[in-house]
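Mind having a look at this structure? Questions to follow.
Note that the chains are named A, B, C and D in the order they appear, and that numbering of residues resets to 1 at the start of each chain.
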Amino acid sequence: MIRLSDMMTVALARLLRDGETVFCGVSSHLPLVAALLAKKLHAPGLVLLNIPGGVNPEKPRLSRITSAGSELWDSAAAEMTLAQVFDLSMRGGLDVAFLSGVQMDNRGGVNASLIGDWRQPKVRLPGGAGSAVLIPTAKRAILWRTKHDRRTFVQQVDFLTAKGNVSDVMTPLCHFVACQGELLLNSVHPYTSIEEVAENTAFPIRYKVLRKTTPISDAEMSALREVDPHDLRSIEF
Amino acid sequence: MIRLSDMMTVALARLLRDGETVFCGVSSHLPLVAALLAKKLHAPGLVLLNIPGGVNPEKPRLSRITSAGSELWDSAAAEMTLAQVFDLSMRGGLDVAFLSGVQMDNRGGVNASLIGDWRQPKVRLPGGAGSAVLIPTAKRAILWRTKHDRRTFVQQVDFLTAKGNVSDVMTPLCHFVACQGELLLNSVHPYTSIEEVAENTAFPIRYKVLRKTTPISDAEMSALREVDPHDLRSIEF
Amino acid sequence: MNKICTMAQAIESIPDGAMVAIGGNTLNRVPMEAVYQMARQNKRNLQLVKTAGAMDIDLLCLAGCVKSVDAGYVSYESQFSLCRYYRRAVEKGQVITYEHACYTVICALRAAAYGIPFMPVKGLGQTQLMESNPRLGHIQDPFGGPDIAVVQAIRPNFAILHVHYADQAGNAMICGPVYEDLLMVQASERVIITTEEIVPDNYFRRQDIKAQIPAFQVEAVVHAPKGARPTAMPFCYPVDEAEVRAFQGLGAAEQLSKYLEGRREAAR
Amino acid sequence: MNKICTMAQAIESIPDGAMVAIGGNTLNRVPMEAVYQMARQNKRNLQLVKTAGAMDIDLLCLAGCVKSVDAGYVSYESQFSLCRYYRRAVEKGQVITYEHACYTVICALRAAAYGIPFMPVKGLGQTQLMESNPRLGHIQDPFGGPDIAVVQAIRPNFAILHVHYADQAGNAMICGPVYEDLLMVQASERVIITTEEIVPDNYFRRQDIKAQIPAFQVEAVVHAPKGARPTAMPFCYPVDEAEVRAFQGLGAAEQLSKYLEGRREAAR
């Protein structure tokens, strides 16, 4: 039995390349573990950037409560404040930003702000954090969301918090990739089907070649357990 | 026999008030000693800011070569980089900036840039350093110049490097104060006369009340020797 | 000059309606004891400024202290979920949200620190923040490039920070992540420091230990051991989860004063 | 990744015509060994960027390496007097001066670091710099305030800094005054570090010692003990006055190669 959180984390890790600068923000345990996993597996030179400003923390003991705490600073070799990490992205030097949202559409639009009309929101959401500037400036903005349902993957977002260089969207069911401004289904995870994905997605599912996501290898699983022994990748499930 | 450098330094120190933030830049040994003297005498809460970024260095051992070296950093309690010191002035938080120039006119204009036309300068001077932004933004810009001659105190500067909140100009011969945009003679130093000042000044000398600069007291002289035992205040004489 | 005072005295200096920047990030190194005191003193119409806030903003919203929030993110992380008092206040129209990217808060504070009216911001591409937040706009590039977004300066009346070490004059030092705290000092008119420890006068005059915050920028120093609780203080204490949950469980504003009284007792 | 290389290799990567920001200030912590190497390699048309330069700019002007200088101040201090080779080159029209306030250099570097085309600058009031320096201009405040001066971004192709400690990956640390060095790292496309000491790989992974310059921003690391000489290296060595005077006494460019050869011998 493959766990959704494991599949998502491993699939995200595979998207990262050696030497890339990768930013993980608040409430981002799952991609944080994915970045650490990639570093352990195939991307030892990956540069992890974060809110507390610790560049490349070495085997951090992650906190269950926050992905913006000093545990990402303590074992870092260098300091780069959040402001400087944003600056890096603004001048074109950030390779990957991991971001999320409450609604996403198939044009790469993200809503993390509110439900309803912005003049009088029905539901006030947390806000996009870095999204509005990172999604347009990071070379690749990778979106992730631990829920895959029709309330999340919508025809049109209620409010456009951000849009731009979205390259991938990872969900518990599948992996979308951006192609000429449209999100195409790239692969469905081993335990599900295109029908289940379509059923839970409010926008039309389109694809070029339909793949199954490669199952988690033993090496991936054991590395995953090592970088995340307390299973923080699963706290949102 | 009063030395010109001693008189200038003491007279500058008297202009500084307790609690003021005071900036001294490159090649500024004399006002640097003046600020340390004021701190010792009547302004213990004066905050000395400088290029290396040491806030309020404690009894620094000044260097003969530079007023921008680490000796102003070592014994400082806090760090404030040059960029931050400029920022402070920009937002209205700098009380006093000490600045100099090669030409000054009686409207508070300063030239530290060049002699001749800027398109093809006859003489290239060092440049105004912080002048162009500090003279307009510091609450009081105090000018000082260790030469008092007609080439320095001109009718009109060849090039306007900066102009703005000049409050005082201190020379080896006298002290000008700004009054409604004009430099008026405030006092002549004890060893000279208004005639000598006028002879060495290319702009007309005007004043409201003509004073003699108060001579250096014994307390001032002994404090001066203490803060500047190696006589760095005199290196430009 | 000795700037040490009580928390009550320091917070009394903040008038209703003030714009207040709060240090720390989410549940990390937030000056919570000062936040409690603002609620106890029943401040009104505060304009809060923060990149990423959580319990601080949530509590002040529950207490009815808040007029507006400039922030990029207002929520707890992971299992602590959303800020429901904040949400409720916004949804009822009691609190105005100026929604930013965290970075536009940083840029707005930089503009204030640099004494300029606005700051150009790269990267605000397709986003409705441009229409919903009046502090954002566009400007022409005088050197011939394309138009660029700008954010208006935000100059808080107060910054409140919790630090590890401060001396009585106000020289102060944060260990570990600084978040936007140092920028808030530069950007704000007045600075209140709450500190785990008061250190002797010459503590910072050493080559290897310099205060990041110079005394002359600080107006008040409050000795507040555990002053960040229940948020985490790096190298000192972790998040007090029970305390956060107790707060989240209050439900109504009426329960808050009892909670705050309890916190006062705990601090003794 | 091991980024250690020789000074010759590091400097060879700089093409003629490059814009180069040089660390340090006046005669303090300037990467002089790298400056010597630029002269030895006979670079041409360099565009130098610095707030306050002295022997670095003077030497490169004598060597004929310089096309333009963006700076607020170019001179020695006190008894070392003016940069006469620089002056001569400017007066002869061989070198273009973009005269700044030191702060507009800082603002221009900030603009580059922040990825924006220009930076508003408070305080450029009545100054002919506005007409003589094409990198300065004016802009309207879109929020209704008065017009404000702006400076165009300066994004150097290279920053060259001399530091105290660096590891082979490029993590680097400066002790004492940082001047504009850290900003230059953020603003520049490529960064060359020369260092007094190469430290082991895990040297910086400690709570109290963090590199201020992260490895990923650095392209080359050169082990250059005494690499700032004859300028001062805080906590290491003072200005070598005799050496500065020897340089000032050279007179003509023909003497320079012998001086540089002598410096190479001394560095062995």
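Methods note: a residue touches a chain if its C-beta (ideal position, glycine included) is under 8 Å from a C-beta of that chain, and two chains touch if they have at least 3 such contacts.
Just so we're clear, the structure is a prediction, and the values are computed from it rather than from any experiment.
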Quickly list, by label, the chains bordering both chain A and chain C. D
Hop across touching chains from chain A and tell me the fewest hops that reach chain B. 2
Chain separated most widely from chain A, comparing mean CA positions: B
Tell me which has more C-beta contacts between its two chains, B-D or A-D. B-D
Whole-angstrom distance, CA centroid of chain C to CA centroid of chain D, is 37
Taking each chain's centre as the mean of its CA atoms, how far is chain B from chain D in angstrom? 27
Whole-Å distance, C-alpha centre of chain B to that of chain C, is 39
I need the residues of chain C touching at least two other chains; which ones are they? 114-116, 121-123, 176, 207, 235
Interface hub residues of chain A, defined as touching at least two other chains: 74, 89-91, 137
Overall pattern in which the protein chains touch one another (line/ring/star/complete/other): other
Touching pairs of chains, which are they? A-C, A-D, B-C, B-D, C-D
Contact footprint of chain D on chain C as seen in their complex: 107, 111, 114-123, 137-143, 145, 148, 150, 152, 175-176, 207, 235
In their shared complex, chain A is touched by residues of chain C numbered 25-28, 51-52, 71-75, 77-80, 82-83, 86-87, 90-91, 93, 97, 99-104, 106, 110, 121-129, 131-132, 176-180, 183, 232, 234-235, 238-239, 241
Once bound in the complex, which stretches of chain B touch chain C? 21, 45, 47, 55-56, 58, 74-80, 84, 87-92, 137
Touching residues (chain side chain D, partner chain A) in the complex: 1, 112-116, 155, 167, 171, 186, 202, 204-205, 207, 210-216
Taking the complex as given, what residues does chain B use to touch chain D? 26-27, 29, 51-54, 63-70, 73-74, 81-83, 86, 89-91, 109, 113, 118, 120-137, 159-164, 235-236
